[in-house]
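Next come two complexes built around chain A: one with chain B, the other with chain C.
Right after this comes the complex of A and B.
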């Protein structure tokens, strides 16, 4: 078990390293001179040279990579070229709305996805199952930003229930401003959670131990709660890390739709204005969150499912 | 076979109906995108200020935008761009991923281990973030967005192909090609890849729709198709300031994308259930 823990940790560290190298390569992949592109055509050659030296771009590539990795580890992320602030400060001022939005969206996706997925599995082959699955396919093909626009049109403008733009801190403020974007964010993921859970529920409901539980005369409710659901949940946990990746990407678009000053809109601004250091840090952060979520999901699976544990032990 | 015949007929038939309905929807959408702009009385890019912001009517089925252009005609032209780009991106990711996945699984050893870690990481990094980073590198445009999507997209197909090849490697017919003295390149391209491409292809059908949704999102942000060319995302974005006065510009064009998604989903469902039956 400890060996597994160490191996799994090592895997995550390796992934983080690959991620850092990929992020480092962003700047190297820019065709032409990245400093000139960032500072614009009118920047004086002397200034361009100063910034180049500040960023260490006059060093050999491997030295640059080493410097980049040490800077990440020591938390010295450098300055944003466009905003002129330390990137750490910039990120800290933007992280709150994004973190709340992602959590809110994740909760909505899991709750609605599970309810619909379980319903579809229990009524497999009926009209309810069909409608849920067609609905899932339809919402999967709806672009999240479009759903956001429709929601702000109907619930925001016409019914006046929620503001359609901006962010207010605090519990009530966050609920008012983030509910519509969170629904839009969660919608396509509901389809993903629903499909996975329905699939694994159906598999479990066909097994012999569920049959045995039925033969003992347990009520259907007890069989679902005590036997089927417990076994169907573990495969769903492992996709949540993947779902989180989608959510993080989705915030970039939805924060733009709803004018929320979070990390997503910061990323879009940084891309628009070619602020490479900011793009790099946000990409690093987003990737790291997903890698760590994958780690937590795997450990959680081992903790919850004795079969996974024994597979590891005899592995 | 015996089992198939003794099975009640209605059951197997229902699935084929399902994929037929899906196929019809997809065919209608593609046909509309190809033929629609030719049949439409309205040119997609010609402005007519006198006819601006007209609500949907028999003349303009999806209304007109702020400068009087027919939204339906523009959406169908936009759907052409989205379709071609979505298929191209998915095909490229499928081809690159399948070849890389097959090679590393066939070769094994440190190459397999190293590439597998890269695949794991590529799948872990949020998709849209990579696409945005690519746009930062290459500048805005449909091509940059497409490149960004292939840069991450191949990884899933590499993982699928790798798993297939690992199972296939020990099969007799592959062993036979080896004892015939074929080169590794020939074995891979002529015998391994054709056998592992099918699972990837299954995944790719739904992936085309996902790719079109991402393309639309990037165009919405202004990083995709550049004016005067408009795809579905940029049409929706252009309508956002008029959401209150002219709801149709931002809402109706997405119907094309949703119809396509439902169609492909139905085909997919029908086929996977047929496979399970047979």
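Right after this comes the complex of A and C.
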């Protein structure tokens, strides 16, 4: 088990390294001279050259790559070009709203997705099942930014329940300002959770051991809780870990729509202004979260499912 | 909250998807400047206003403004300049700021400024001639200031006595007072700024009407009234908050929901829907802003004046104005935006829509069989998507095949300054930094680092006229010199002005007395809240 954990960790580090290099290479391919864009069209050529040297952008690409990897490994991330602040400080000041938004959205998606998924599975083939599935597909096909705007119009403006933009720190403030974007974020994910859970539940409910449990006269509630759900939940966990990446991408759009000063809106700003050091760190951070989620999902599966543990043990 | 029908809701949702329909101009688009309703009462002091701003404040240094308007608009609140552009916007004149009186030498080689009694920084210290010298020396130093090009001609500042400074010039510059009135030439407290170093600009001390209270980077910046401001009648408000809301739809929604009381840069397509809300009013300001359509004069057909003129004549500006800009634009009679000294439409006629003349010009040019060209423009901008399609269609009638290339701002900027484009709308928003022609006349006509503002056009005769104009300090003479240049540049047509555009701002009907200076910037000194 420990060996497995080590191997899994090593794999994650490798993934991070590949990601870091990819991010660097993609940014190299983006058109536009970053220094000129940052300084504006009227900056003098001499000033442009000075800043280029300060940023190390006059060095060969390989040297730049090495400098960049060194910065990441040593944690000395340097300064943001447009904000002039150290990148660590800048990101720390923006991480709170994004972290809360993603967690909030994830919790909403899991809670509503599970309830609806289990309901649909238990009432498979009924009107309830079909309605839930049709509704979920319909919502899934709506773009998150549009859902966000409609939510703003209905819950923000017509009913006046929530502010339509901005962020307030603290528990109450976060609830007030992040509920609408969290719903918009969760809606797309609910369909995924619901469909995966419903599918695996149905498969499990059709197995012989569930038949056997029924034959023993166990209540349906006990069968669902002890047998079906526990078996059905593992594929759902894997899926959630995968779609977390999409969720993080979704926050970039929603933070723009709702004017939330998080990492997503910072990323959009940094890309627009070619603040490469900031783009690199945020992209890497987002990737690290997804990689970490994959790791946690694997470990959770091992914890929940003895078959997985046994597979690990016997290589 | 206010009741809104579900039809309005659906309409707004459609707008949210940026489905800009061609619904026609509708009502009249005149400015609602007159004091009506709640604003008819006499102004009252106190209270605060929250403003939803399109552009975020990234820097509070007058010397580096990476945030563009987001920076300069915040700087205007906290810093003041020696002289100012009329803050009421009623004229394009220069009025007093830190200096209450000034004079220009007859040869234009020196300016004498008297520092106003009572001009103080927000730490209570009086503004001294040494502060002025320190600030102007920094402003004009290209190693320190991104805006040093505007200080052309500045030789140095001499302290004359405890309240007088003399600014010496190496050559007469006609627009120098306007350059001094830009907030990038703000007067800083010398000792305090030197002592604090770079940290000074995180919480700057200025002599403007407001002081920075709290700056939450990425989110908002709030200002409180500066009790030491020299004008004891201003500002009326105790507090002004700028909330950065970059998304156009969200900004409008924030205004409707009452989260903010004012928004800047209302998108054209949303003006009608905001106007229909009884609790809101829309204000338009005539500023030197225009739809700049740049032509690369060094590239084949676009180097031919007849082709350039034909392209301009083929644009049905009335239709563009009505359908895309909801009637808020104005047909230009200049290649540049509306500026001081411009001859009016009775003296220089706006370019008409004349397809047959355009066709005959093309036939006479070396490109009678037409040509193909790329049109690059900012992506994600509903108005420009429509405009680009209209231009493509209009020019097809001349045999010009246009390929549309929506691009992000960074790519546009690279191709524009690198001269690798054919035809381009380089900016989502183009405006002159000063209400006088000097800035853009020189950009276009005088050979220099911008290569004819990236058109690679040059006409030695026009260049000589422009240099004479920008080197003249006498206002009456400048007024005589400009109109012939305006006419010559319009005919040469190195670039096309599609329409002059106003600045559109939306606010609650309770917000009164809001004005901007001639370039659209406000210090909120006369703004007050009714009720």
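Keep in mind that, in the parts below, the second predicted complex is superposed on the first by the 308 of 315 C-alpha atoms of A that agree within 3 Å, B and C clash if a C-alpha of one lies under 4 Å from a C-alpha of the other, contacts with A are read in each partner's own complex, and residues count from 1 in each chain.
Basically, a residue touches a chain if its C-beta (ideal position, glycine included) is under 8 Å from a C-beta of that chain, and two chains touch if they have at least 3 such contacts.
The model shown is predicted, which means the values in this text are computed figures rather than measured ones.
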item	value
Side-by-side fit of chain B and chain C on chain A, or clash	clash
Chain B versus chain C as contact partner of A:215, first or second or both or neither	neither
First (chain B), second (chain C), both or neither touched by A:261	second
First (chain B), second (chain C), both or neither touched by A:33	second
First, second, both or neither for A:15, with chain B first and chain C second	first
Partner chain(s) touched by A:172 [first = chain B, second = chain C, both, neither]	neither
Which superposed partner A:246 touches (first chain B, second chain C, both, neither)	first
Contacts of A:73 with chain B and chain C, given as first, second, both or neither	neither
Chain B versus chain C as contact partner of A:144, first or second or both or neither	first
Which of chain B and chain C A:270 touches, first, second, both or neither	first
Stretch of chain B, among 95-103, 149-157, 167-175 or 239-247, that runs into chain C once the two complexes are superposed	239-247
Contacts on chain A seen with chain B and repeated with chain C across the two complexes	30-31, 146, 149-150, 152-153, 157, 256-257, 272, 274
Residue ranges of chain C in contact with chain A within the complex	1, 4, 9, 12-13, 16-17, 52, 56, 58-59, 66-68, 142-143, 146, 148-149, 198, 216-220, 243-247, 249-251, 253-254, 256-257, 259, 408-411, 413-414, 416-417, 449-450
Chain B to chain A touching residues, read off their complex	117-118, 120-130, 132-133, 135-138, 209-210, 213, 216-217, 220-223, 233, 236, 240, 243-244, 247, 250-251, 254, 257-258, 260-262, 265-266, 269
Chain C-touching residues of chain A, taken from the complex the two chains share	30-33, 36-47, 82-85, 90, 93-94, 146, 149-150, 152-154, 156-160, 163-167, 256-259, 261, 265-266, 269, 272-274
In the complex with chain B, residue positions of chain A that touch it	11, 14-15, 18-19, 22, 26, 29-31, 133-134, 136-138, 140-146, 149-150, 152-153, 157, 188, 241-242, 245-246, 248-250, 252-253, 256-257, 267-268, 270-272, 274, 276, 279, 282-283, 286-287, 290-291, 294
